[in-house]
Each structure stands twice: as structure tokens, then as C-alpha cells.
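Pasting the structures in now, so scroll down.
The following pair of complexes shares a single chain, chain A, combined with chain B in the former and chain C in the latter.
Up next, the complex of A and B:
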């Protein structure tokens, strides 16, 4: 055993096979330590909920059972409107996000290049960031009408502001020493921007996109709930007005799952973008 | 007066004043700086903190224009950065998203000098600074000493006539620092570049320099110049026992202490 430890210290690469095995073991241990409790609590909650509703004979309009909610998901799928609603929602969502990223990057790099533009725009950008941008929905309805274009614009406005703020912050805090280094080595303005400043803001872009994805999703659901222009949110509202509580809850669960998936996606994005960042030395 | 070569630096009455904020009195960092660095000479600049040592280096590097006076490199006034000069920075200034190889490549790349021999040159200088095998490593995976080796290789690979070094070993631990000093001596003995080296350390100044320029408090100007008449090749260890070492050290201390109110320079044991 002690001989093993010695080899590990001297030639860490040679023991990768053993390490992999150890890793799979420790992954289970970690799961047990950190996640098992959460899953157990979820199961307990569902069981309690089901028992309460069944034994207590609760009115299903007030509180349907989890089994009924799951059954409703299947029914919606079979009735053939879940998938179209899903596609409708997410085509608007990703269109809005794509618009937010392309327009947002262009705007923020432009502002980031000029100290004057930063000073002028900063208070307004923060004001926009602080206000609930879904308050603009009535205005967007007037401008665009009750259509998907308006939904895309809502997603865009919800998503673009945090990204712009993050990217400007990244450009503002660009490492002065690196810029100086680039100049000493005779790099021109454009080369310095491309090779030094922009790669440096990648973690800020990832962070901004993470916020954009979640803000945009909020914008999407709110606008669909309010305006009845189709998609998951509209289906949820429609079900509620028909006192179909199980369907409303089913829609809420679907949104929950989507939101969690978006968080996982954005975290992965952020991690891969900041891989080169300073890590605490082991 | 010595002949002017491509690596000669002449500072004539150079002054630098920064305008910190509109309406404020400008901060004078350098005033009446007069020094000539001979082609191929190793000049060390020492002085109290904030005396404008780094400012002087930035002027030679072409980042600042002198507010007054004249700065000539190779007999011509400096108007901006040029490929004849390269700099090594105190905090390394490596691009953290680039590998060692690509960091070293940076200067050649932005100067548009990449050709079929570049790859071989880059690898040669990586080997010269002792980083063979670390080409694909990232800065975060390297120790401070290794990072500065990358910084040195990045400067050397552009084959500048003048190497500007701004306290390059200040953030490196004492033992590694001595190794780095020896290696720097070995390298510049080979490349015969003009070096301007800034340091806080009296011992480092004597180990490396042909001459040592001592600056006054801000606004900095030359208080005195010391000739280090110790033959090369030198190494850190043999130098400590050289009969001239203690004398030069005393002389240097006397210059640094002159007109000094309390604050002693750092780096006594370094």
C-alpha cells in the first residue's frame, strides 16, 4: 500500500487506470453524500401528496394527485398539442436568445471600446436591468400585435440586458498589463482587441449568457401566460380557466424541468468557457 | 563616448509627467533623466519605490512619449513600440488561455513574422529557457518561476536588440530567483542583447549588471552610476566570494542611502 502511494507521487500518469476505478467508487460515495437525500425527499413528498389527496378525498380542482398530473401529461401528448406547443414556445425562445446574443454582443463590444459610451450608457443599462422587463409587454403588444414576433421581442429584451452588462464589465476590467504587453510587442488596436481583450471576456460572456437564458425563459413564459399567443404558457392559462388543475400543474412541471435543463446547459457552457482560468493550486 | 549601435539607448534630459485627472497638477515621475546604455550592455536600474524606474522602461519600450527631453534608440528618436525592443513583465503578463507554445508565439504572430522557420525558433527558445516538454501546458499549471521563463522566451524569440526587464524576478521565491539569474546571464552572454533591468535588490543588481544606475526619489533622476568591474562569465555563487563584491555593495548602499529618510531599499538577503 505504501509502495502504491509512492508510485502515485512520482509518476501520477501511470496510475490513471486505478484512479478511474477509484473515481467511479467515489462518485457513488459523493452521490450518497450530496444527492441521495434530495431524491429521497422528492419521493417522500410525492408519496405523501398522493396519500393525502387519495385518503383525504381532496377536490381534484383544488389539488390533483401526482398520478393524475402524470396522466395528464400523457393525455396532452396523445391529444397532440403538447409537442406543437413545445415547438412553438422554443422556436420563439431560441430566436429571441439568438437575437439577444448577436445584437447584445455587437452593442456591448461597441460600448466597451469607448470610455465615454460606457459612462453615458451605464446608468440606463442598470435601470433597464433593475426594472422587470415584462412590464414592456403591453407596449410590445401595441407595436407588434398579438403574435409570435411580439413573443420573440419579449424574450430578446428580457435576455439582452444582463448579457450586455456582463460583457461591458468584462471589457472595462480588461487586464491592463496584458494590453500593455500587447502594445509593447507592436500589436495594433485590432490585434489587441482580437487576441487579448476579446478572449479575456469569454468568462463574462458565458456568465452573461447564463443569466440571459434564465431571464429569457421567464420573459417567454410570462408573455405566453398573459397574451394567449400560444405555447406552453398559454396552454397553462387555458387549462386553468377550464378548471383543469391537473393540466395546469402538468404544464408547470414541464416548465420546471425545462428550466432545470437550461441551468445545466448554461453551467456547462460557463465551465467550458473558463477552463483556462486560474484554479487554486493543489 | 562609445559608438552608437542598433542597441544603444540614449536618454537626454528625459522628463515624464502624468496628467492623473483633468484640472489636477500633473505627477512628475521622471525629471532630467540622463543616461546612455551602450550597445550590448547590461544596465541595471535601482532606486526607491515609485521613483520612476518602470516609467523609464515604458518610455524606452515606446509606451509613453517623453514630456520633455529626448530618447534615442539606435540613434533615432523613439516614436512608439518596435520589434527591436521586447519586454519582460513583473507579473508575467501571460495570456492565460494560451499554451506555453502559443504564448511564446505571440510576439512573432502580431508582428506578422510567422514563417516556416518560426516553429523551430519557438521550440528552440522554449528549450533555451528550460521549458522543453511544457509546450502544451497552460500558465495556470506552471509555477511563478516557470511562468517567467515563458515571459522571457516570448521576449527572446522576437530577437530584439534590446531586452527590457521590469523587476522580472521580484515575485519569484529566493532559490528559484538565483537559478533564473544564472540562466539569464548565460542566455544574454550568448545573445549579446542590450539589457535594461529594473530591480529592488542590491545583490541582484551586482550579479547581473555591467553598470548600475541609482535613481533618486520621485521625480527620479540619476543620482549615481556604479561600474561593476567583475569579469564575466559570472554566477550567483562565485560572485558572492569575489573580492570586489563587498566594496561594490557598500558603494551602492551609500548611494541609495544618500538623502534617504529612513526607508531602506529591499532585497538585502535576496
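Up next, the complex of A and C:
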């Protein structure tokens, strides 16, 4: 297993070097080899879907055509509730994420510093990890009522757990040799923390934040779908209860696109944060 | 290549959370040694006991709002009441049965699908990226659509759970197939192994540890799906009890149901982790 993880760590730098070389040869050839099939599959899916709906005269409540869904997106924008829903969702989302990052970092560095604290908190962290935080929504509804504060708390709870777990993991796996070396050079605890342990956990923080961003988004969506507290999810549920399938699907696609963009963003963040470590590892 | 990058990124970290667990033991963090296992268990138990003592003390000696922190006794009474009224057991059973059945079904889909996509290069090139995309996207957004299609039925719940569990399992198995060594396949081929032989004797055993990981991740995501589905449909199952208690402001029962959820999750997650360990044992 450990041999496995070693190779996976080396691989990224390895391939990027090779890829740069290949890119200079022919960008088109690479596109054709790696990506063309995927895009063709997507286009084929959309065409089949459109043909099936138009030719088969499928009831639009059951299955609207892709064109209708795209039209609905434009209409929602023109009706003027898409942008406010966006703003509403994302203000709660980023508030929750910001809270999760600040509180999560403080908690996890505190726990990570002491082995005793790690052992004491382990059962709770494990319980929170095992249980999807989605289940806590009814309790949060009772505690905070049906408002945006509750939405922020849901995002916070969904996002904070993976971050805390990752950062503690990072503190635990701080390079023992480096720590001992800094002690040999008479570095105090604070200097060791500041110069060895904290730089070492940067990739873990980045990884934790990546998970936080996606888990937080799931929390946001579920709570908005479930409770009529506004935002993208609530618009989707509202459309669904009116049996406006085209609008439901449009909302779903918008949320999916946002989610994918978040993933791309967070992966880029993670990559840039872990870059220095890979070069050292190789 | 991008495929490999994203695989290693996900395997290394993130979604494959505890994969790196063995690494913990061989390093020393701030110079102090890890606590031995027996001590860890003892301290953990003490910590949990202490937690409940503080809870008990807080509800007994201070007048903390019972909506935030109900008395431990009232939680026990609420659960006991729903047991004697015959509500608890059928709903618990329904949740557990539904989940186990859905997980079995999800694996029956994910294992062949993962092997198919992973082993056949053109299929992999065309659909591999899309499986990754589906896997990284929150499938929970499909709930309104599923409710339109199936109504508030058990079918809808099944659809939500399967949709949550299948993609992570499939992606893991698909990537696992790719790790099977080409030299072994070439060796088998030169000894005259048919495609089926290669599948049965090389690809399947080689993928088995990843099937284990797939099971574990499928279970973790499946639980999210189960809770989402039960909260939305709330016809039966623990989700019904939870929403019912919540709408009646029966806070002790909300805590009681959450505790049962927690126990269920812990059992499922440990079972799946054990399955993963078992399936990858032959490798070590």
C-alpha cells in the first residue's frame, strides 16, 4: 500500500513533464486522443435526447427536451429571479465556508498540537465523519428556525468536518525527521510549529478545503431543497412542486455546473498549494 | 494523462480519505510517541463518559433551554415510548433493509460497470471522464427531478440511494482495473489465456482491493443518499420518525433518532471498512 501512495505522489510531476513535451508535438492529436470521444459522447447524448423527445412526443412533464431546458434557463434569467437566487445561495455558502475555515483551522491546529487532545476528540470526530451531516438539518431547523442563519450553519457543519480531519491528519504526519532536526538545532516549540509543522500541513489544508468546498455545497443544496429558505435549491423544489420539469432540470443543470466549477477551482487551489511539496518529494 | 492526474489526486487524498492511514504509524509528530492502543481506547471511553457527564450536569444543574439540550433521561423516555407504541422497530427495519438492499443493488451495477469501463480502452476514453464528472458532482441535486418522476415512493428512495452510491464505487473500480499490470496481462496472453481467463484470473483479483475501496466509498455516499431520500419523502423509516418528531417539536425524540442514525452509520461504515481490509488482504 505504501509503495502505491509513493508512486501516486511522484506521478503528477512526472506526467506534466511528459505532457508538456507532447503538447509541443501536436495539440490537436492529443485532443483527439484524450478528449474527442468524451465530447462526442456528450453531443450524442444530447442529440438522442432531443430526437427522442421530439419524435416520440414525450410528455414535457415527464421529460422536456434539452432545447426547452436551455430556453428555460434564459427565461429564468429574464424573469429576474435567477441572479437573486444565486446571490442568496452564495452569500450563505461563502459565509458558511469562511466560518468553517476559520473555526476549523483553529480547532484542528489546537487538537493537532497535542497527542492527548487527539485521543480525546477522536470518538467525536469519527462519529461526525461517519454520519452524514445532512441528517442534522432537522435539528438545526429546530435550533435556528427557518432562516438563512440555519443555512449558513448547515454549510458550516458540512464543510468543517473534512477540513478538521485533514488538518489533524497533516499535523500527525508531520515529518518526524524534520521535527527532530529542528529540536536538535534547539528550536523551541513555537519555532518548530511555525517553521516545520505548519508549512508541512499546507497540502493537507488545501486538500481539506477542497473537500470542504464540495461538502459545503452539498449541504447548501440539501438544506435549500428541503426548506423553503430561498436560493437555487428552493427554486428547484418550487419548480418541481409546480410540475415545471423544464425549470427543475434547468435549475439542476445550473447547480451541477456551479458544482463542477467549484471542483475545478478547488483542485487548482490544491495543486498550487501542494506544488512545492511534490518537487521536494521527487 | 489528465485521467491519471485526477485519479492520483483523488486516491492520494480527498475522496479516498483513510487510504493514507498506514502512514500515520511510521512518523512521529511533535517528537512525542503515539499512545498505545489500550490507552487510546481507555482515554476515548473516558472522554465519551465525561461528555455525557457534562451533558447530564448541564441539564440538571443549569436551566439550559431543553430545545438546545434535552435531558438524557427524556431522550431515553422518548425512544422507549416510540418502542412501546410499535413505531420504532418497523421504521428502523425499513431503513436498514432499504439501505442494505440498495447497496447490494448498487454493487451489482457498479462492479460490472467499473470493470467494463476500466478494461475496455475505447469505452474508457469516451465515458471515463463523464464518470469522474458525475462522481464529483453532487447527485443530491437530482432529488426534485426524481420526486417528479417517481413521486414520494420507495422507488424514489431507491433511485436516490443508488444514484448516490453507484458513481463512487464505479469510479474506484474503474481506476482499479487500470492499475492491473500490463506485464501480467502480456504474460497471461503469451501462455494462451483467453480474454475471459485474463478477466477472471488477473483483472478480477487485481481489482479486488479497489472493489473494497469502492464498497467503502459507496456506503459512505449511500448513507448521504439514504438520509436525503428519507428526509424528503419521509413516508417511513428513521427519516419519517425524525421529521415527525421535528414537526411536533419533540426535541428529545429528534436526538433519539439521530443517535440511532449515528449507530447505524457507525455499523455500516465499520462493516464496509472491514470489507475493504478483507478484500485487500491478499495483497499485503
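Simple rule for what comes next: the second predicted complex is superposed on the first by the 251 of 282 C-alpha atoms of A that agree within 3 Å, B and C clash if a C-alpha of one lies under 4 Å from a C-alpha of the other, contacts with A are read in each partner's own complex, and residues count from 1 in each chain.
By definition in this document, a contact is a pair of C-beta atoms (placed from the backbone, for glycine too) under 8 Å apart; a residue touches a chain by one contact, two chains touch by 3 or more.
All of these numbers come straight from a predicted model, not from anything done at the bench.
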item: Room on chain A for both chain B and chain C (clash or fit); value: fit
item: Partner chain(s) touched by A:172 [first = chain B, second = chain C, both, neither]; value: second
item: Which partner reaches more residues of chain A (counting touched residues only), chain B or chain C; value: C
item: Chain B versus chain C as contact partner of A:195, first or second or both or neither; value: first
item: First, second, both or neither for A:252, with chain B first and chain C second; value: second
item: Partner chain in contact with A:79 - chain B first, chain C second, else both or neither; value: neither
item: First (chain B), second (chain C), both or neither touched by A:55; value: neither
item: Touched partner set for A:186, first chain B, second chain C, both or neither; value: first
item: Distance of closest approach, chain C and chain B, by C-alpha atoms in Å; value: 7
item: Shared contact residues on chain A - chain B and chain C; value: 180, 183
item: Complex contact set, residues of chain A against chain B; value: 177-178, 180-188, 191, 195-196, 199-200, 202, 276-279
item: Residues on chain C engaged by chain A in the complex (per definition of touch); value: 1-9, 11-15, 17, 19-20, 22-24, 27-32, 34-35, 39-40, 43-44, 47-48, 51, 67-68, 122, 125-130, 133, 136-138, 140-145, 147-149, 223-224, 227-228, 231-232, 242-243, 245-246, 249, 251, 254-255, 258, 261-262, 265-266, 269, 280, 283-284
item: Residues of chain A touching chain C in the complex; value: 1-2, 4-5, 8-9, 11-12, 15-16, 18-19, 33-35, 37-38, 40-42, 61-62, 112-113, 115-116, 119-124, 126-127, 130-132, 134-139, 141-143, 162, 165-166, 169, 171-176, 179-180, 183, 189, 192, 197, 203-204, 207, 210-211, 214, 217-218, 221-222, 225-226, 233, 236-237, 239-240, 243, 245, 248-249, 251-252, 255-256, 259-260, 263, 267, 270-271
item: Sites on chain B touched by chain A in the complex; value: 58, 61-63, 81-83, 85-87, 89, 91, 93, 95-97, 106-107, 109-111, 138, 140, 154, 158, 164
